[in-house]
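Two complexes are shown next, each including chain A; its partner changes from chain B in the first to chain C in the second.
Let's look at the complex of A and B:
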């Protein structure tokens, strides 16, 4: 069973909704704040890819789906769309930084076709242990 | 459209754009508008990120676009970024290797003085 499963309209204003939900999940799981920061940024970039690139502008009912599962020290987060498929992702805002950022912030990442070959999903793995310099000071 | 404030201020003939809170693909257009407006008015520009708690690559794109325009117009362009290594907003500059690309200052007086002097690199 998922720790978190969100299905939202794929709109810019909903990226923050996904980010806040993931932040709450990380805090609930006891992730150090620096590890949480990396999860927040990577999930934001993945959601932005969906919002900006996954769908043609006139697509009705474009969806942004975020699913998270915690297994031991790891947190697996999949960001999924039902859009045009792979090959259209060029990174947030055309800089091409989105996917390299995700790769740099995750323990593992895989971009693949979604279930049934529909759309694309980015599957990211984070670990509580991945924070650079644990911060027991509780910095928010 | 921005839920988090982006405030335009003036200090000694320098435009200071103060960015507070969290910013991403939703609010980046509002920031771009402020940055471009200041540059079109031929004002040296400081972007104060000391009150920001989160930015993503959409915001980085705006900052880089502003830098390019400022250099083309030969205008000062500096950022205020707290020096705490690994802090959330600084982290994206570190991960992307963009720290040396911008003229980054720790305080507003330094950033305003540098922008006023035409520093943009």
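Let's look at the complex of A and C:
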């Protein structure tokens, strides 16, 4: 059973809700601040991808889903949509930096079709151990 | 059904309710952060956002949740935040609305404009709160 399961309308204003929920989860799980920063940024990018790319503009029930599981020192987070799936050009292409950024921030990342082949999910793994040197720059 | 009306208001309605389910160990910080941003987006005053944060702590700390998981649906409309807490354990709805007390006064009815137990008897497993 997951530590956190969040379901939101896939709207721009809800990206910050997801980010705040994940930040609270990291606090609750005792994640170091530097690792938490990485988690926040990666989840924000993944959620923004859902909002911008996953659904046609007139989709009424566009949904953003975030699920998090803690296993030992690792935190597994999946950001999921029920949209048009991978490979569909939305006409809203960005700079193409989102996924490389996520890859740089995570220990492991996988992008795949969602359950039942519906939509897309991006599965990210973070580790407390990736926070070497945490607080060396004075961050609490 | 137990209702504590503070003022006559229309029910808060949105097309897609948002839902958060979190394990008890992380419920406090998660709910506080989410309620804070939701209250701010609803345009609540700073005092009412503070009340929402107290509600988050009260809900997270209460030993009333089914399967040790805190579940809240939330929505914003007309400057109000509506929260539906549950499913709760047996007797959890009554305990949540009446037991957490400060100075002998139940906390939830003091912080929320509306407190309503949804369902009755054994089916009373959810509590609806409105903060405006």
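FYI, the second predicted complex is superposed on the first by the 129 of 140 C-alpha atoms of A that agree within 3 Å, B and C clash if a C-alpha of one lies under 4 Å from a C-alpha of the other, contacts with A are read in each partner's own complex, and residues count from 1 in each chain.
The rule is simple: a contact is a pair of C-beta atoms (placed from the backbone, for glycine too) under 8 Å apart; a residue touches a chain by one contact, two chains touch by 3 or more.
Owing to the predicted nature of the structure, the values given are computational and were not obtained by experimental measurement.
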First (chain B), second (chain C), both or neither touched by A:41: first
Chain B versus chain C as contact partner of A:52, first or second or both or neither: first
Chain B versus chain C as contact partner of A:101, first or second or both or neither: first
Which superposed partner A:113 touches (first chain B, second chain C, both, neither): neither
Touching partner for A:5 - first (chain B), second (chain C), both, neither: second
Touched partner set for A:17, first chain B, second chain C, both or neither: second
Those residues of chain A which chain B touches in one complex and chain C touches in the other: 13, 16
Residues of chain A that touch chain C when the two form their complex: 1-9, 13-14, 16-17, 20-21, 23-25, 27-29, 60-61, 63
Parts of chain A lying in touch with chain B, wherever the complex brings them together: 12-13, 15-16, 19, 34, 37-38, 40-41, 44-45, 48, 51-52, 91-95, 97-98, 100-101, 104-105, 132-133
Residues of chain C that touch chain A when the two form their complex: 15-16, 18-23, 25-34, 36-38, 41, 67, 69
Partner chain A, residues of chain B touching it in the complex: 3, 22, 24-26, 28, 54, 56-58, 60-62, 64, 86, 88, 91-92, 95-96
